[in-house]
C-alpha cells in the first residue's frame, strides 16, 4: 500500500482526487490538509464521500505529510513550491497538480504566473507528467509536474503530427472549449450559474497561462520552435474539454488515421476513434480517457484534430493517479478504469 | 460467475446497466438484445463503453437468453410480460426494470397501463424489488419487479413514518422532481434540450402511473389504505430525483431523526443525513445511494422528508444489481460501490 | 415623463429594471447609483445594454435622487430603510424591491432579518405592492414595498381559494422551486455553475425569510391566522419560479376553474390556464405574467395549484414597474408588455 | 400596415417570428399556415403567446397567402421553392428563412441539399439578405434569401478583413459554436436534453451545408476564390452562436480595431466591442445584434475575430424582419429594438 497525502483538497481537483484515491486498491490515504477547513470531515464538505471516508482535513503543519510515500498538491499556483523542497528532502515523492513545476524555464514561469519562483532549481528536475510522452522518466521521478487540462488535450491531439513532421509548425491553431469546473471552486462572479449558464464566450485571447506550457510540449515533440494561437472558451457545462486543432499539412499523402492509430495503439487511455467520427465530451465524463478523431475536410491541406478529455480526470486528478501508478510500478489503469457516466 | 443477459439495452436504463454490469466482478455479460440495433456493437451506440466491451446487440430470438442465469429487462412497458413466462420455464431468473410486474392487482395494472396483461398469474409470484423492504423475499425470487424511480424515492422517505404509524395516512403529499433522463431516450419533442432546458413544470397532475405503485407500497407499510397526492415535475438536469414529502404527525413527541437513523442503520444504500440537512441530487449522481433528511419546520405538526436518488441507479439499474446481488447471495454492494460524481 | 432613479443597480434585479425602464416610453431614467461601481458605464457592466443607455453609475450621495419623481431600491436588505425617510421628505416616491418594508410588524421583521429596523414607523405607511391585491392603495402610495418572488407566486395561487374560504387554512403547503437568479449576483460558492448546475435541492426548510411575508398576505386574504409549510428549492435554471400549492378543500362542490377565471378575469398579468394544464416557467421568461392552473387530482379533497412567474420580472422588476404605472396613472402594462422568450 | 403571412410557424424560427411580428407596430399578421397543426391556436402550441394573438394555424391551401404584402417562409428546406413562384406571380413579396434561395449556383445547391431545385431560375433574382452587405438590393427585392445562422456570424466577422484585402484568403478558419435551437424543434435523439446537455462536440466536420453559403459570401467580399475550413460545434445552451475566426494577416501594420469600427460605424445591429473584449452570446440573447471583437494575439500575424449572434434573431427571424423593414422603407430597427435578456 502506498501511503498518500493530499495538500489542499477543497477544490474540484481535490474532490476528484479523493473520489479516485478512495477507490484505489493500492492506496492508503493517510492525510489531507486544508488550512481553511481544518477539523472538518471531508465528507461534510463533499457529500458524495459520505460513507466512504472518515478523514477530516488537518492543518498542513502537522508533520503527517513527511510520513507519506507520495504527496499530491491540489493547491493554487505558488503553494507547492513552498513545501516541495522539504518533502523531497524527507524522501517523499510529489505530484503537483498545480502549475508550479510545469515550465522548465524559470523566467517564463515568473512572467506568466506573476510571482518569483522560490525553487527554480527544481524545475529541471521535475518531470512533466504527460504519461503518454514521458512514461519512462515519470517512473523514476521524485517530482512530477502534472499537466494542465488544456495542455493535455491539445498536446495529445497535435503530437502524432508533430513527431512525424507532417505539419507547418509556424501557424498552429488550438481552439479549445472548457466546462466551467476548470475555473475551480472559488466564488467568483464570472462563474456563477447565472453568468456562465446559457452563455458561451472566449476569454484570455491575448494570452492564457497554458499557452507557454502547450508550446513547450509541442516544441519538444517538433524539435523546433512552434507558432501557436491558443483561444480558450468557456462552455456551459460542468466537465469536459474539447480541443479543435488546425494545422496545414506539408504532406497530404500520408494516412493520418493510420498514423494516429499507430501512435496510440498501445495506450490504454488514448482512444483514436474510427475515421469520420466526432468525439463527445460526455464519452469521457468521469473517466481518464482522451478520445481523438482526425479529419481532413474536403481532402484539403488543412488537418483538423478533435480531442476530448474530462478536465478533472485526464486533465487533472486521473492523470495524476496514472502517473502515481507509473511511479510505483502498479498496472497503469489501477483505480482509474471506471467507465464514463453517460448520460 | 453469473451469466447475465440484457433485453433492450438501447435506452438510458440499458446503458447504465451495461456500465455497472461491465465492472461487476461476479458477472459475465453474455448477451444483449435489441431488435432495432441488432448487429451493432454496443460501444458504437454508447461511446463511453468503447474499450470496455466487445458485445454487439443481437435479435432477441436467438435463444441465448435461455442460457443465462439471470436476464434483465430494460424494455418499454408490455415487452417483458411477453417473454418472461418462457424464460422462467427455462429456469432463468428475471429482473424486470419496466413496470410489467410491479402492481399485484392485474385490474389496476391494466387500467393504468392501458393494455391487457398477458401473464397476470405471475403478478402474485413477482417480488417487488425495493431491497430495503423485501430483502428476504428477493433472495429467493425467480422474478423481481424492480421499482420505479419515483416510487423508490418516495417509499424510502415515507416508510419509517408509516411503519410506526406516526402520520395521518389519509393526506400524504409527495411533491417529486425528476431529471429528464427519467423520460428515456426516445425522441419526443417535449424532452428536447430546447424544450426541457431552462424550464420547470409539473406534469401528469391528474394521475401518473407511479401513483398506484407508490400507494401499493405505502399501504403495505401502513397496513391500511392511504390517501396520496403525487405531483411529479420535470427539472432541467439529466440525472436525479428529489422527493419532498409532507404528512401530518399524529405524534409530535417522537424523535424523528432517531427513528430514521434506526430504520436505516443497517442499510448500506440509505443514508440518513444529520438533522437540519438538505440532501442534494448531485451527492448521489451515478451512485446507488438514497440520501434522506427529515424536518419538522417551526416544530409544527407537519413533517417534511427530503429524499434524493439517481433515477438511473438506485431508481433503476443500480437497484436492479443490488437485487441481483441479493438473489445470488453476493455481498450486496458488489459492483455498485462507486462514489457519486461531484461536481 | 417620470423622472426615475435607481439605487443599487448592479444585481440581477437592477439590470432587469434597467432593461425594462430603458424601453419604457414614459420614463426618463436620470440616475443610477452604486458605490462600488461609481464612474463605470452601466453598459460596461451589463453588455446587453450597450447602445441603449449612456448612463454611468454614480455614488449615492450626489443629491440626484432627490430630484426624481420616483426612486427604485434594488439594494440588499437594510439599505433602503436608511435612505427612504429622507427621500420621502423630499417628496420623492419610492418603490423598494428589497424586503425592508414588506412586513407590517417591526418585531417580526427584526427577528427574520436579524437587524434593528431604522424606521419602523414607516412600516404601516408602506403599501405592499402585490398589484392584484392592493391596486387602489398603490395608486396613492408614497412608499411601496415590492413583494418577494416566492411570495408573489404563492399568494397569487392561494388567493382565490382563501378569499372564498374554500380551504382548511391550518395546513397550507407551498412547495416552491426557484431558478438560481433568485440568489442574486454576489459571488458565493453555492451558486457557482458547478455547484448549482445538474443539481436539485431544498434549502431553508427550517425557515425562510419569505415565510412570514407569505403568511402575512395569506392571513389578510383569509381574514384569520393560517398555518403554512413553505419549502423552497433551488433548480438548475436561471429564471423562473414554480410554486406547487396544496390545500385541503372544505367544499368539493365548487367549480375551482371558474373561481380562478373569475378572480383574475380582469387582470392583464395573471393568466388562468385551461383546466388540465401545466404551466411552464419558460412561458413567462422575461415577461411580467403569472400563469396559473388549478387541479383536483382524482377528484379528491386536495386542491393543487400550479403557479409560475419569472422571479426577476413579475417577482421583482416587472411588478415594480407595474406598480409604478399604477402610481402614476399610466396604463398598467406600459413598458412591460413584451412577450416571453421561448425557447 | 403591412399584411404579413407566415408559412410553417411551428418551429423555433417560427415562434420567434411570431414573437417579433406580434409586437411590430407596422405589421398586421393575417395568416399563419401549418398543415400538421391546422385549426390549433398558435398560443396553444407556444404558451408564451397566450394573450398576444388569437390566430390559429390554417392549412396552406386556403389562398390567404396571396392576399398578403409579404410572406415569410419558416419551413424545412425544399418547401419554399414549391410555393414561391406562385406567390411572386400574385405580387406577393417573399422572405425565405430556409436555404432554398441562398446559393446562386443551382448545381451547388442540388449537391449540398440533395434534391433537385424546382425553380432554379429564381436563384439569380433572389437577393441574399445579409442586410449589412446588400441593403440597397434588399430594398427593391421581391424575393429575399435570409442568411443562415452560421453564415451571418461568420461573414460579419470576416467581411472587413476581406473587403480590405488584409488576409490570406486561401486558409480561412471558422470555428463556430451553436446553441441547440439551431437544430430546430423536430424530435431527434441527438438533440434530447440528455444527449445535448452537459456535452460538447463538433459535427459535420467533413462538410456542413452552410459551408458553400459562407464561402459564396466571402468570395463576393474578397473578389476572388477563398479556401475555408468550417467546423461547427454543438454547445449545451439554447440560443447563441459564437464564431471564432482565424486568418493570417498579409499586413500587420493596419489598425484592425479602427477598421472594424469604421466598417460598422453606421450599422445599428453590428456592435464592435472595445479592443481587448470578449463578446458573450448572452449579451445578444433575444436581440438582433451581432457583437464583434478583433484580436491579434501576441502581436503576431494571426488575426482572431470573435463574433456572436442569437441564432434565432440576427441569425434568423430578427434579420428577416430587419430585411422586411428595409423592403418596406420602415426605420430599420422597428420591432427589433428590444434589449437582450440577461441573465
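Should a chain be cited, it is by its letter among A, B, C and D, assigned in written order, with residues numbered from 1 in that chain.
Here is the rule we go by: contacts are C-beta pairs under 8 Å (C-beta built on N, C-alpha and C of every residue); 3 or more make two chains touch, one makes a residue touch a chain.
Being a predicted model, the structure only gives us computed values, none of them experimental.
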* If you tally the C-beta contacts, which comes out ahead, A-B or B-D? -> A-B
* Structure fact -> At the largest C-alpha centroid distance from chain A we find chain C
* **Whole-Å gap between the CA centroids of chain B and chain C** => 39
* Asked: If you average the CA atoms of chain B and of chain D, how far apart do the two points sit, in angstrom?
  -> 45
* Asked: If you average the Cα atoms of chain A and of chain B to get two centres, how far apart are those centres in Å?
  -> 36
* Where does chain A touch two or more other chains at once, residue-wise? -> 12, 181, 185, 194-195, 197-198, 236-239, 279-280, 282, 285, 343
* Structure fact -> In the complex, the residues of chain D that touch chain B are 12, 180-181, 185-189, 191-198, 236-238
* To do: Sort out for me which residues of chain A touch chain D in the complex.
  => 171, 173, 175, 177, 179, 194-195, 197-203, 205-207, 227, 229-231, 233, 235-240, 242, 244, 246, 248, 276, 278-282, 285, 293, 295, 297-298, 300, 302, 304, 306, 308, 343
* Structure fact -> Touching chain A in the complex, chain B uses residues 12, 15, 19, 22-23, 46-52, 181, 185, 198, 238-239, 268, 271, 273, 279-280, 282-287, 289, 291, 337-343
